[in-house]
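Heads up, there are several structures right after this.
What follows is subunit A paired twice: with subunit B in the first complex and subunit C in the second.
Moving on, here comes the complex of A and B:
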């Protein structure tokens, strides 16, 4: 299958060291790829570089192909035609992502009328349909509601509806459920999953929550310090993690294997992009580090046909 | 959640503007509205014209013929005060309009673009602001000549930097909001983002500032007419009435008190509107000191 989104050796630098370093990942049409990692590992930067929202000061190298179009250095005019229409964003904080000055109906209508000709009534009808689809109660009445009049869950649903309104073929979902409490999170996630599956939308699902990616993703990429350290199908990753960081991350997650015990932690923190270790980024925190790890960046090892790990321990000649 | 604490109160600025129930705002609006209506109605129904000279009534005190008395030439003070108020209101609204019309786009562009463009716009405005308002207006009047229209433009230009600075500050705050990035992620152009998202979210404090400036504009117009650079005699203006009648203060105080009170009431009205709006729009509901 030809990938819908193909990121090849992407590097992003804000001027104090690479925030994303030589990162490659592909997303096929209709595929849901979870991108997991700690805070500060470059997840959001990755999503934003796909959307072209990075500040002008950021230096971006590499290639991001979306359906055959190179997104890096794409003309603003051409990018605008793509964004919202074929490539859209479900933002992190739904409240902040909605303009407080305008009603829900107005904001979604704006998106439609930015890209397509048509009347207000038609746009509103589409909005109501989409709001109903994402499980907003009484969608006709909600059109006239201001964002602050909605509950957190409803806001996130509205933000989802806004992202999906023009049936994009790909979504960047940047922590779409992280600001919600757990019960609402599960509901919104369920709705999101069913809408995505129904429309066959490809999703890059960015989150720090392993539980969330487990529920929604086909494939998972684990990010650490601006690199992908392991990539596997969701099932394989949880059953048989290869990279020491993935193992640690799973061990640190409550509820997988450690009921009644103290939660495991990973000592230390994600390295500052300015002081990245020369070899493996995870080496300073790694329990199984060997001297070689300090010297060379570990290779991107294909463990199985569709499984990759960036660790010397998985290299065949090790 | 932090966002819910801050945003809803800031939220519906426009809706709030229309529904402000702040007492001072209501009183201020009532004052300005009553003065505006009176300034049209009273000269129209009065038997005297504003420049009509009735020598035998000269310096008559308040009577039934002349409710606020008459001046040294026997002109009816009430009619003249009202005609003068009409000019004052026109100058206030006209110059406020010009200041907003010039200041809002300048501040919006400066605050949104920052860097070189910001400096290109704001530094000249800072220079403009460094001069006292009245001095700057005098210079403009000196070049363009006296008259109401010139005065409106001069005061409007003088207050443009004030509006532009407020607009710039609020724009800088709202352009970093997530909904601006999200709008971009949905394919909105910069112009669209400016007009549809940043402007509506930033305009509230400008409205407050503009209504306060209109009060100052009335004072400035009175000052200019007082020194003879605004409305020229015999046409009535609150400032020129104060100037020409001040010699009669001892014998006929009403000829000076009436226009003085009118200036005060108008300025008070605009300041109440401004203060009321400011408090009503304050997210924390407390009065800010300027």
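Moving on, here comes the complex of A and C:
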């Protein structure tokens, strides 16, 4: 299957060390790829790179191909033709992703009329349909509602509807449910999943929550300090994690660790981009580190055909 | 929203009342006697006493105040000490001059300040930002009267393209009126423009970092629309609030600017009547200036309420 989104050797530097370092990942059409990592590992920067939202000061290397179009260095005018139409963002903060000054109807209509000719009535009819699809109650009345009049869950549904309004072939979902409480989170996630599956939308689902990626992803990439350290199908990753960081991450999650035991923690924190270790980024926190880890960056080892780990312990000659 | 505004309108009454007491008291603390000024070299104790009796200045201050405020409440502004003319006539001739000066200055300051401030925010840390920061620093530092004098020197004396002073009423000739207004308006607007550049820049930087701006950009909304539609609208509340507060300085500065450019407005009336200790004129014109200031604040508050749906609904509920 040809990849819809192909990121190759991407590096992003804000001027104080690489926030993303030589990162490669592909997303095929209709595929849901979960991108997990703790905060500060470069997840959001990765999403912004794809959408062209990086600050001007950021230095970007590598390649991001979306459906054959190189996104790095793409003219703003050409990028705008893609954004919202074929490539959309489901934004991070449910509370802040809608403009408080304008009604729901106004904001979604703006996206439609930016890209397509047509009148207000037609745009509103489509908006109502999409709002209904994502489970917003009384969608006609909601068109005239301001964001502050809606609950967090409804706002996130509205943002989802806005992102999906023109049937994009790919979504970047940046922690779309993290600011919601758990019961609402499950509902919104369920709606998101069914809408995505129905439209066959490819998704890069960025989150710090393993429980969330487990529910929604076909494939999972684990990020650490600006790199992908392990990539596997969802099932493989949870059943048989290879990278020590993935193992630690799973052990630290209440849903996947053994009941009745104290939850494990990972001592230390993600290294600052300015002071990244020379060899393996995870080496300072790794329980199975060996001297070699300090010297060379571990190779990207293909454990199986579509399964990769960046760890010396998985290298064949180890 | 209507209730909030009605409440504010009602509050104007005690504000004006307080202001009237302060003005009334302060000008009487200024050394000097209107009777002595009126009589000049002919002043004798007897004549002074006679004039005091004529003007009611021999009565206790509180009686004088009650007499004066009673007249104001009935729409009687009193009479000019020197000429004996009714003050209402003075106000109707001077108010349009000051009104035009203030309205044009506000319009210029808002147009320039908001535009330059927005550009600065968009180009944060780059050349346009630096230039705008320097301009606003200069604008805040230069006293408006000095700028007025310098502008007159340059444009009236050296280049000879604009009149240095004077005033033509709008009703006589609109182009002539506007040409006379250019220099005073620029001098008066400079300070407020500089402040608005800074406030707009700060407010826009705050707004442009918000998630909904990122979402709009990620939805392919053109940059000009992101800035003009979402950016300015969200930054408008703090900008309007500052305009309301700064309008006070603007009204105060008209006294100096009208004097520098010989504009026959309210500011000059205040200055001249202060020099001659013409109590009723000072009191009336300062009271009118206070009313203008309070009204401007009320208008900007109403605009903030009208713009922001959250405030609009929260306060009516």
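Quick notes
Criterion: the second predicted complex is superposed on the first by the 318 of 318 C-alpha atoms of A that agree within 3 Å, B and C clash if a C-alpha of one lies under 4 Å from a C-alpha of the other, contacts with A are read in each partner's own complex, and residues count from 1 in each chain.
Keep in mind that, in the parts below, a contact is a pair of C-beta atoms (placed from the backbone, for glycine too) under 8 Å apart; a residue touches a chain by one contact, two chains touch by 3 or more.
Here the structure is a predicted model, which means the values were calculated and not measured.
With the C-alpha superposition on subunit A as described, subunit C and subunit B clash in the combined arrangement.
When the shared chain is aligned, subunit B comes close enough to touch A:179, but subunit C does not. Legend: residue contacts after superposition of the two complexes on their common chain; A:84 is shown touching both subunit B and subunit C. Of the two partner chains, neither subunit B nor subunit C is touched by A:209. By the touch criterion stated above, A:38 is placed in contact with neither subunit B nor subunit C.
By the touch criterion defined above, A:152 lies against subunit B but remains apart from subunit C after alignment on the C-alpha atoms of chain A.
Across the two superposed structures, the residue set of subunit A contacted by subunit B and also by subunit C is 51, 53, 76, 79-85, 88-89, 91-93, 96-102, 110-111, 114-115, 146, 148, 162-163, 172. By the touch rule above, subunit C contacts subunit A in their complex via residues 210-212, 214-223, 225, 229-230, 233-234, 307-310, 313. Note for the complex: subunit A touches subunit C at residues 51, 53, 76, 79-85, 88-89, 91-93, 96-102, 110-111, 114-115, 146, 148-149, 159, 162-163, 172. Contact residues of subunit A toward subunit B in the complex are 51, 53, 76, 79-85, 88-89, 91-93, 95-102, 110-111, 114-115, 146-148, 152, 162-163, 172, 179.
Across the complex, subunit A is touched by residues 1, 3-4, 7-8, 10-15, 177-179, 181-189, 192, 196-197, 200-201 of subunit B.
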